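In the two complexes below, chain A is the common chain; its partner is chain B in one and chain C in the other.
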Partner chain A sequence: GDALLREDQRLPNQLRALAAEPGALSRANGSARFSHDGTQVLAAVWGPGEVRRARERPDRATLEVVVRPHAGLAGPLERELEQLLLSTLAHVVLLALHPRTLISVVIQPLMDDGALLAVAMHASCVALMHAGIPLRGMLGACTVALTPDRRVLLDPSRSEEAAAAAIATLAFLVRLPSAAAADGPCELLLSH
Partner chain B sequence: KMGTTLAADGPCAPNLPVLDCPVFPGDALAKVGDFERVVLGSGVVREGDVLVSTRVGILRWDAEMARLWVQTEQRRYVAAQGDHVIGVVVGTHADEYRVDIGSAAAAMLPVLSFDGATKRNRPHLAGGALVYARVVVANKDMDPEISCAAPPGVSSKDWVTGESLFGELQGGHTFSCPASLCAVLALEDEECPVLEALSQVSPFEMAVGNNGRVWINAREPSMAILAQQAMLLCHTYPVHDHARLVHELATACRSDR
Partner chain C sequence: MACHFLPSLRHQPFALLIWVSACPARRRVARGVRSGRESGDELQTSHMLSDPVLDTAARKDVILNGAAAFQKVHPLQFHQAFLSRGVRSDGRGLLRARHALANARIITSADGSSMVKLGRTTVLAGVRAQPTLPSETEPGLGRVVIVLELAPTCTTLSSAAMRGSAAQHRLEREQAALCELLQRTASGGLVALNELCIEEGRAVWECRCVLHVLEHDGNLTDACLLAMTGALADTRLPTVQLGDGEGNPHVSVASPAMVPLALGLPIFGVTFGILSGHLLVDPTADEEALLSTCFTVLLNANGSFHGLHKPGGAPLAHDVLQQSLDISQQQLARLSPLLPSPASGDGSAGESRKHDGHGS
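And now, the complex of A and B:
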């Protein structure tokens, strides 16, 4: 009934409207703007390009993620976002195909209305696809909020996140189902 | 050679429903057993006995080389053997030049890799010089190597004469363009309405690199700019509009003087 509806009239398991715009930047090798309604993230990808000797790896590409806040200097929140994105993207990108190169992903949140990590993951995935970097599959992410009265809400807004008892983001490696496999395999990459 | 064949038109032609369709990273394209012989092109990798796409693009089959590949627009150039590239000399060493061709690592051009070059009689390239060369060695583990010597099958003219196919490009103007446009311009067998229309405006010299660079040498700078704008503009228009667009650009260019 109506008691189930959230503040923005969504059902508990209903996601917000998704919008993707690949090629938002003209100079980057790959770029994308991704939004879940009120949360918008811009991602740019550079590579495979030159890498400093110190960071060069002989068997695979070096992956770098930089998160720039929309205002002020980067702090611990940005660093945490970078680490989570780095460990997730390392499972998605086929790094072994470009040894001794650098693949750089730069993320800039433009608007934050909750579920920032999930939107950043989606933006990075579209930007990597736009750049033509080889990937094992596509990245699908979802933020889940557990309210104090034991309700599970998907894709929470900022106010819902603030009022939640616990928040988790799940990321999956998604492959579209083919004729060979009836259901597309999804691999859980991150649970944070 | 794997398993049984599914012959449609010939021993190597596959019978795939996803051919010429858009594919996404992670899509299973076909089983290895569907082919008599297949070469994995760019964007296709093998996982066990399934061929998987690694990029977003259109799946293509090259019957001549039995190659399965994903046609995609990759902005950053990745060197491939046999490509013709336009490079900029960024370093000179005793035995080689270091040339920037747009790939992650600078390419190596041996000093004697010019037709008819000997230790005493060879071209001296300064930093910043443009070269048109052929990629001889390219794989993921090594820096690419290029050469300005004529490939087998093409008659070699001494570098001194200036008539060799590869070598230094003097003067002119270079610009970047999408790799798909370079592929269209470089086709020898098919007609290119843009180039034909431009040649009627004024003659010019051109070199196309697979690494997304085009060099134009015309007597007047305005012709070089016209050619650049025409090529970039026509890339986004259907083929039958090309001649008309070039004509409009040329008239606008002339009327501005």
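And now, the complex of A and C:
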């Protein structure tokens, strides 16, 4: 009934409208603008390209993630976001196919209305696909908010995140279905 | 132990060196070239050692350094050789955590302090409280600020790897992720922030908890959580009041009795790692470099699930997740005596709680 609906008239398990625009930047090897209605993130990918000898790895590509805040200098929150994205994307991208190269992902949040980490993951996944870098599967992420009155809300907005008792972001690797399997298995990659 | 390892190591010269170095020292010193043939279970070593070019002392060096060299050159195979037999390189079982030690009131000049040793990982936490202006949006809440510092001497990485802006960025990132986790835990429910208010809108306590990692031998998450909770539990603040002397507001001590901080339920973390498909509890620094994924299960002191922190890495199967949740419940019984109970007096200097790491 109406008591179940949230502020923006969504059901508790309803996501916001997703929109993806690959190729938002013309100069990057791959780029994408992904939005969950109010939260918009721009991701750009350069690579596989040259890497300095100090960072070169002989068996796999070096992955670099940079998060730029939309205002001001990068702080610890941006560093944490970089670390989470780096360790997740390091498992999604097939790094062993491009040894001694650098793959650089730059994330720029444009608007933040909740669920920023999940939108950044989606944007970087689409940007990597646009750049033609081989991936192990699709990356799907979702933010879940637990309200004080024990309701579970998917894809919370900023006001819902502020009022939540607990917030979790889960990312899954969705392998595309092979010829034998009916549907690809999802594996838990990130829980934050 | 020697005979147990013997049959499968017959054809692997590198693994053989490990077996030999595990023998007691006096047997190695007493054994010459010939006595190697005397006991039956040393036939394997005498076959390798009968090379006439090497003399006894050089041979001993080869044996003693061989295992260390193997670990340096093939670290993954070194650890896998142990894991396939259900132990780890330091002799622990796969699901056994290290010996944990927690000391409270280490630094008398700080308002609260704690030192935690988890095996060789050492973290020192100090809390300093200062009255400050509250933030505009939350005038009645105090603040807890967590700062994490990794001492330059804490890891065994060469200094060349630590220099340069890229290395600084990497360290900053790894520190930032852990620091944010600690900050969220502290501000989330560990400290009752409304109790830190001196006068609403005008003065609140700001507790600054600085964590120094003195030695990094893996599993910083658990050690830092314990150290931070221990230091906050050890913090004692005087009761103060805000006075308006000559138009300048200042904080004066109302009574000299030291009141401990009002803490909620402490949060404990149990860190797991997956190495070549084996689930490990409490990885050391050598193992951490080889793990395919590392995650921490956070539990309340009464055993309820507080959170799962898995910052990326290889995917986690559902049954492994379930197994780790069960194991962390068992570990809680080992970890909870490490923190001082609220009813323990005013904390004598150097009080310590030792607990053995019988985890499984």
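Assume the second predicted complex is superposed on the first by the 188 of 192 C-alpha atoms of A that agree within 3 Å, B and C clash if a C-alpha of one lies under 4 Å from a C-alpha of the other, contacts with A are read in each partner's own complex, and residues count from 1 in each chain.
Simple rule for what comes next: a residue touches a chain if its C-beta (ideal position, glycine included) is under 8 Å from a C-beta of that chain, and two chains touch if they have at least 3 such contacts.
Treat the numbers as computed from the prediction; the structure is a model and nothing was measured.
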{"item": "First (chain B), second (chain C), both or neither touched by A:Leu173", "value": "both"}
{"item": "Which of chain B and chain C A:Met129 touches, first, second, both or neither", "value": "first"}
{"item": "Touching partner for A:Arg100 - first (chain B), second (chain C), both, neither", "value": "first"}
{"item": "Touching partner for A:Ser87 - first (chain B), second (chain C), both, neither", "value": "second"}
{"item": "Chain B versus chain C as contact partner of A:Arg6, first or second or both or neither", "value": "neither"}
{"item": "Partner chain in contact with A:Arg68 - chain B first, chain C second, else both or neither", "value": "neither"}
{"item": "Touching partner for A:Pro76 - first (chain B), second (chain C), both, neither", "value": "second"}
{"item": "Which of chain B and chain C A:Glu50 touches, first, second, both or neither", "value": "first"}
{"item": "Common ground on chain A, meaning residues reached by chain C in one complex and by chain B in the other", "value": "173"}
{"item": "Residue ranges of chain A in contact with chain B within the complex", "value": "29-30, 46-51, 94, 97-102, 129-132, 134-138, 173-176, 178-181"}
{"item": "Of chain B, residues touching chain A in the complex", "value": "17, 24-28, 31, 43, 45, 50, 54-56, 72-76, 78, 104-105, 140-141"}
{"item": "Residue ranges of chain A touching chain C (in the complex, touch as defined)", "value": "52, 54-55, 76-77, 79-80, 82-91, 166, 168, 171-173, 187-192"}
{"item": "Of chain C, residues touching chain A in the complex", "value": "164, 166, 172-174, 176-177, 179-180, 295, 307-318, 321"}
